[in-house]
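Pasting the structures here.
Look at the two complexes coming up: chain A is in both, with chain B in one and chain C in the other.
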Partner chain A sequence: MTALSWIARRLAVTAGVLAGLLVASFLLLHLVPGDPAVRVAGLNATPEQVAAVRHELGLDQPVHRQFLAYAGQVARLDFGDSFQTGEPVTEVIGSRLGVTLQLALAGIAVTMFTGVALGVLMGVLTRDGRRRGTEAAFAMGTSLVGAIPEYVVGALLALVFAVGLGWLPVAGLADPAGLVLPTLAVSLAPIAVLSRIVRVETLTVLATEYVRAARAKRLSTLRVYGVHVLPNALTAALTVGGLVFAGLLGGAVVVENVFALPGLGSQLVQSVSARDYPVVQAAILLLGVSIVTVNTCVEGVLKLLDPAARTVAA
Partner chain B sequence: MPVDLGLHAPHPRPSHRPRLRGILGVAVTLALTATACGTGGSAGKTSGPGDAGVVARLNSDWDSLDPAKTRTTNGYQLVTALYDRLVAVDGDKVVPYLAESWKQTPDTVTLTLRTGVTCANGTALTPSNVAESLRRLGAKETAAPYANLVFGNAGYTVDADDAARTVTVKTNKPYSDLLIGLAQPMASIVCPEGLADPEKLAATPAGSGPYTLGATTRGASYTLKARQGYAWGPAGASGKYPAELTFRVVQNDGTAANLLAAGDLDLAWVAGPDLPRVQADKSLTPVTQAIYGSFFLAFNQAKGRPGADPGLRKALAGAVGAADFNQAAFFGAGDVAASPVSPEVPCYTKVREPVTTADPAGVTRALGEAGWNTENGKPAKDGKPLTLKVLGSTDYAAGFEYVLEALRKTGATVDLRLVELNAFAETLFKGGDWDVTVYPFTPLAPSLGALGLFVTGDAPPKGANFAGIANPAFEAAVAKAQASLGEERCAHWATAQRAVVETADVTPLVHLKPHWFARSGVTAGLAGGGTMADVHRLVRS
Partner chain C sequence: MSARRAFRSSPVALTALGTLGVLVVLAVVAPMLWGPAAVAVDPANAVRGPGSAHPLGTDRLGRDVLARTLVATRTSLLLGLVAALTATVLGLTAGGLVAVAGPRARAAGLRVLDAVLAFPAILTAILATLVLPSATVSAALAVGIAGAPGVMRITVTLAASVLARDYVAAARGLGVGRTRVLLRHVLPGIADSLAVSLSVVAGVSLVVVSSLSFLGVGVQPPGFDWGGMLSQGLRDLYVTPWAAIAPAVMIALAGLAFGLFGEALARAANPSVWTAGRTRRPGRTRPAAQADPSALLDVRGLTVTADGTPDSPEIVSEVDLRVGRGEIVGLVGESGSGKSLTMLALARLLPHPVTADANMLVLDGCDLREPPSKRLDGVLGTRLALVFQNPAASLNPALRLGVQLTEGPRRHRGLSRAQATRLALAGLRDVRIPEPERRLRQYPHQLSGGQRQRVTIAMGLAAGPDLLLADEPTTALDNTLRSGVLRLLHEVNARHGTAIVLVSHDLAVVGGLCDRIAVMYAGRIVEEGPTAAVMTDPRHPYTQALIGSSLTMTTPLDAPVPALDGRPPRPGEITAGCAFALRCSQAQEQCRSVRPTRRDLGDGRVVACWVAERSSA
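Moving on to the complex of A and B:
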């Protein structure tokens, strides 16, 4: 398959997924119980007021017309106003996106760097059945860390490092250091999982003929591990990393709550509770687009890193 | 050995910590967030300890800053700082605010306004402006959700006389709660600038209050700036407004407790399992006040529902222990209730000896007296076994779990549906499928009038009488109370309280008691039945 046809196929899949998201987010307004017009007008509104709101929102139009109008709005990036606050939805989402991006990028950077480094290190240290004790401690430690829920990790980190030792802020991002504890809270479990996967991948790669051949040629250790081992052990790491990043973009709701961060996840939960459909629709679309984009990028990178794929593409 | 987490460390923290924090912050954050540069959206700087400002907790983000439109205590919290009202509540009394005096009859209040009041933009606030603001609150096109809590349901007129400095509000039917209604945050006075463009009021205040809105970071913090020359606060106000008042959005109680301990919050309401550790911190000053209302047990009395049977209601009311509910829902932090309103409300009358713990034998006896066959341990009437659907809110889930178990002990088949608060309200006020609930009746003013709005009139979907209660004795007493003043009014309110409780239309369980804590150097008072900080009594010494 040529690179061009691969890109064309990915674009077609992406377009299909986005179309599905568009329909799903539109149907959200119509399938959930309760009348959105009543939600906007308020529980004490008269039937006339509710009817006026329904007309204003276009909810008295046939469904296909409503969908076309909705698709047109989305194309113009106009998601209307929040039912709850009356603010433009783009402003509501925009004000939260920065926090979510900061946390997601910091989280994925720490996860990838630490997870891969730890996994490769443990793979090298425990190859060929060496250091059984270290391997057992690693397995136990990562199992434990991976099993602790984010909110417990977050609460413990806050109690120890913020309240107890006073080294870092308890919550919020007024101080740049405020990002440290939330980042650790969202990263620890993925680091544990990722490092285990990378260790196994590293062991597999270390046992291959081409690594033995590289050693036999007396290549430097750095070259053996950096050029021959690491890229081949990264395939699974990138796939897992993509999923972790997509999850972080979706909102680390619990961690945002524990550290009082006004991120997209908290906004989504708040908007779902308040039946604030325009915000929910926009957030779902944004997250969907983000996840599709991240997955496409990961696949692209994997394609570039995979020698077999490069050969086929050539 | 327990780990000392420094919860009781003296405040402020040792001076090396901020420096260490700074070093760590720069080093670790640079390492962590190199990729995050330029993404923006960081929270605004809040006032910290030692500043001239005060930082208070906002339990959740506000929905609107328009006094007429907001539906949440968080919205009202900011509204009370940005806007003024004609009168205020001090304890159980109405005291002067923008109005220096008034005359009241059961259907009319004539208020004489003080001079020298200016809006935040510098324009003078006249009686005509005040009248226009009050007219807007009840206007149909405003669709204010709680205007009826101020003016009642029968309509009203407002007149102003700029020369005499008076504003006269007249309700179409006697409504003696009018004066206290004018003290509520939804009756805040909107300046002409805001009335000219009401759509903007949702996010852009136009008031004459002690503060103006400064730096805001949506969802994170709101910094209010004290107005220079503000001298028209309510009677009893400190008059010493902190230069900056920052409301920091902290939804998690554990986080609020941590922020208090670390000195990053000066004033916060803390509830739930974190309450004991905050109470144990002797460096914090507790500030507590019971809500004006109560969490009361109510039965759906619609035709065909079990709760339509008064005997069954009375029997089942004894199955739910108020103290047990208090423990389950609020970790015992509330007061067991003997009336739908708390003792802080004028005309409060103790009308029920609280059922602290359930009395299964008494319930079985009462069911038998009401014609229910309980011989095989499963109550039934006319061959039909008793089945109940409990509707609960996830906000007080453990309380509803207790109600479920308490009602199951009667032998009835009971199901619980827990939903989030908005869905809870929607189910109740749109005539949803439920038999039993515990309703959080939390009026913002010390008035019994608000109770009438929920237990009289049309049932949903036309009205707010969510349980479909028809209690002629209560309605008659309320009508008389609203048409009288002074001791006579209180006598009728006492009758009303008895009437609605004795029929088990309303079974008061608990007066929730919000527990606030102020750090050393901050003096605070509460408003809205303990649900908000009183911005006029918030002082940094």
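Moving on to the complex of A and C:
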């Protein structure tokens, strides 16, 4: 498959997923039990007021008309106003985006660096069944860290470092140090998962004949691991990293709440609790698009890194 | 070790099981014992630290934190289980249907599934709470819906392996319906693996339900679970940290117990991956004899054991091998006879914990037995080169050929990049690779199989070695490419005077190229001598059988092909006598009781066989 046809196929799949997302976010309002017009107008509204709201929202139109109108609005990035505050939805979301991006980028950087380094190190140390004790301790430790939910980790971190030791702020983003504990809280479990995967991948690469051939050349240890092993062990790490990053964009919901960070996740939860549908719809669309974009980029990078996929065989 | 015993003997499994047991007991009895205490409001004593009346303090309404934490076990566990069950039922049904669907429907289903899986489960769960009517159990159902795609993916993967089995394929071929295949073959086939993942799903579900409550969209007051308690406790973290710590610890404990239990189940189901072993290395105490100065390589008493312990089985036993400068020696034997391990032992590349020991291991005056050092690396890196069996596998797929051909000489001969590249170009021309400049910029997959083997030979020769160890260099190649590679090895030997040890199971390959032949059986060299002499007048019955069973152009087509019955003994099975005695048609009493010693027959011929010795005497 040439690069162009790959991109074309990939774009087609992405477009399909995005269309699905659009339909899902549209249906959300209709799947919710009860009459949306009543919810928007309020329970104390008169039937005339409800009818007016219904007409205003276009809910008296046939469903396919409503969907086309919705799609048109989305295309113009017009999501209407928040039920809660009356602000335009784009402003509500826009003001929250920065925090989420900061946390996600810091989290993925820490996760990838630590997870890959730890995984390769453990793979090298425990190759061919060496150091069974270290291996058992690593398996135990990563299960422990991987099994504890991130908000419990966050709460415990806050307790130790903010309340107990007083080293770091417990909540908010008044100074950049406020990002340290949330980043740790979102990274620890992914590091555990990633390092396990990278270790197994490293072991697989270490058992290959080309690594034995590299050892036969008596290269320096650093060169064997850095040049011959690492690039081949990275594929799985990148795939997992893409999923982790996608998870961080939307899934940092809980940690944002623990540390009272004004991010997209906490906004989403707040809007879900308040049944603020326009904000929920926009947030879902934004997160969905980001996740699809991240995954497509990761696949592209993997293709670029794989020489067999990048070049046409002679 | 049986799965059940493996499980019982694992402390982790028992701890996890015990913790789960305690949690279940708590879930049953705690609401009966402390139910009233957990909801008793006492505003006068709100937000207090631990005291005699309240061991873990009180919350904002003055309720006892300890009682609430224990009582919440029932709600938290139940909701977690309901969520796991929902996820299982939905995921199993949908996954099973996708698995037995037609190819197009399956491909489409998997694509949708992967897109859904990329969406964080917690978000799906939050959105599902919007759609479901507000009730305590809704949180669990929402988490179940969010977890279903994960179970579905596992189901499809597991089912695919069952469907690929012959008898299932046969049933489908006979027109058995999809539902029946699903119920009769797929479900029973994946039940075990599914049980393992379900324990993990239960742990994850419990944690996610708690997250929902923590966020305020799960269990609604007056109901309470650990997640909701934690979120309330966090607000008073500075005053009464126990109100947060207690539920946090319970969530972590329960999540961990389910997770570790699942892992222990998985280990018990597949114990081979986890069995431990001990390793110990013996000191090298045997005295070194005087090396033969005329030999390039002088090996005496090389023994390779499985893990270096005194009672560990010997895979290679007391191998003596001498290779002269510029000589080509063939090492022949069945697969498993220890040829390859002998080569790896010479190059000090044995995989851990396989251990080698020798009375003498000298390459051109250098003792190869010394501990790893830069000097030893230099000797092995420049004097000795290896060519492995599978040319496709011995080139790194991620690196350009230029890098792989130049890194050795650059390290060991201190060459610059340009010098090393010139050397690599010359090397590629030597092995008749067309357009060498272009090849240097290419990756291994861009070469044909024959070219790859030529490149690995060039890679081995790049450092200008005196000795090339070639381990079955033609076995993975087409017949048409074989003679080319063999001719190449011959040229290398003739042009550069490089000595070669050629390992092969194929007498025809070895016979055409080698000056001398050593025949290996069950880890020992049983016969050795000049090629022509061994090929025309084999003395050891095993060599005779090998030569007898190889077909040539002149083998009469109507004569039965002699074949060797049975198999060689495995390491550890070898008894006191000759290892070949069980398969030998000429074996005598002595052969079964006393191991034959190596006997010099003159003219450079050596044989280890009582029968051959007697007939030559």
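Please note the rule applied: the second predicted complex is superposed on the first by the 309 of 314 C-alpha atoms of A that agree within 3 Å, B and C clash if a C-alpha of one lies under 4 Å from a C-alpha of the other, contacts with A are read in each partner's own complex, and residues count from 1 in each chain.
Just so it is clear, contacts are C-beta pairs under 8 Å (C-beta built on N, C-alpha and C of every residue); 3 or more make two chains touch, one makes a residue touch a chain.
As the structure is a prediction and not an experimental result, all values here were calculated from the model.
S.K.: Superpose on chain A as described above, then tell me if chain B and chain C fit or clash.
M.R.: In the arrangement built by aligning on chain A, the partners chain C and chain B clash.
S.K.: After the superposition on A, what does A:Ala158 contact: first (chain B), second (chain C), both or neither?
M.R.: So A:Ala158 meets both chain B and chain C here.
S.K.: Touching A:Gly146 in the superposition: chain B (first), chain C (second), both, neither?
M.R.: second
S.K.: Counting only touches as set out at the top, which of chain B and chain C does A:Gly247 meet: first, second, both, neither?
M.R.: second
S.K.: Quick one: is A:Thr293 in contact with chain B, with chain C, with both, or with neither? Answer first, second, both or neither.
M.R.: The answer is neither, since A:Thr293 touches no partner chain.
S.K.: Thinking of the overlay built on chain A, is A:Val92 touched by chain B (first), by chain C (second), by both, or by neither?
M.R.: first
S.K.: Would you sort A:Ser273 into first (chain B), second (chain C), both or neither based on which partner it touches?
M.R.: A:Ser273: touches chain B and chain C.
S.K.: Examine A:Pro231 and indicate which partner it touches, taking first as chain B and second as chain C; both and neither are also allowed.
M.R.: A:Pro231: touches chain C, not chain B.
S.K.: Between chain B and chain C, whom does A:Asn257 touch in the aligned arrangement: first, second, both, or neither?
M.R.: After superposing on A, A:Asn257 lies in contact with both chain B and chain C.
S.K.: If we overlay the two complexes on their shared chain A, which of chain B and chain C does A:Val32 touch? Say first, second, both or neither.
M.R.: After superposition on chain A, A:Val32 lies in contact with chain C alone.
S.K.: Considering only the listed stretches 185-193, 221-229, 437-445 or 545-553 of chain C, which one runs into chain B in the superposition?
M.R.: Of the stretches 185-193, 221-229, 437-445 or 545-553 of chain C, only 221-229 runs into chain B after superposition.
S.K.: Based on the A-chain superposition described above, do chain B and chain C contact any of the same residues on chain A, and if so which?
M.R.: 155, 158-159, 163, 170, 257-258, 273, 275
S.K.: Contact residues on chain A for chain B in the complex?
M.R.: 34, 38, 41-46, 49, 84-87, 92, 95-99, 101-102, 105-106, 109-110, 155, 158-160, 162-180, 183, 257-262, 266-267, 270, 273-275
S.K.: Given the complex with chain C, which residues does chain A contribute to the contact?
M.R.: Going by the criterion above, the answer is residues 13, 16-17, 20, 28, 31-33, 127-130, 132, 140, 143-144, 146-149, 151-152, 155-156, 158-159, 163, 170, 208-220, 223, 227-228, 231-232, 243, 246-247, 250-251, 253-254, 257-258, 268-269, 272-273, 275, 280, 284, 287-288, 291-292, 295, 305, 307-308, 311, 313-314.
S.K.: Give the list of chain B residues in touch with chain A in this complex.
M.R.: Result: residues 4-7, 9, 13-14, 17, 20-22, 24-26, 28-29, 32-36, 39-46, 60-64, 71, 140, 143, 145-146, 148, 199, 202-203, 217-221, 248-252, 254-255, 258-259, 261-262, 264, 420-422, 425-426, 429-430, 464 of chain B touch chain A.
S.K.: Which part of chain C faces chain A closely enough to touch in the complex?
M.R.: Against chain A, the touching part of chain C is residues 12, 111-112, 115, 118-123, 126-127, 129-131, 133, 203, 207, 210-211, 214-217, 230-231, 234, 237-238, 241, 244-245, 248, 251-252, 255-256, 259-260, 263, 276-277, 279, 347, 349, 351-353, 377-378, 380-381, 385-386, 388-390, 393-399, 403, 407-408, 411-412, 442-443, 445-448, 456, 459-460, 463.
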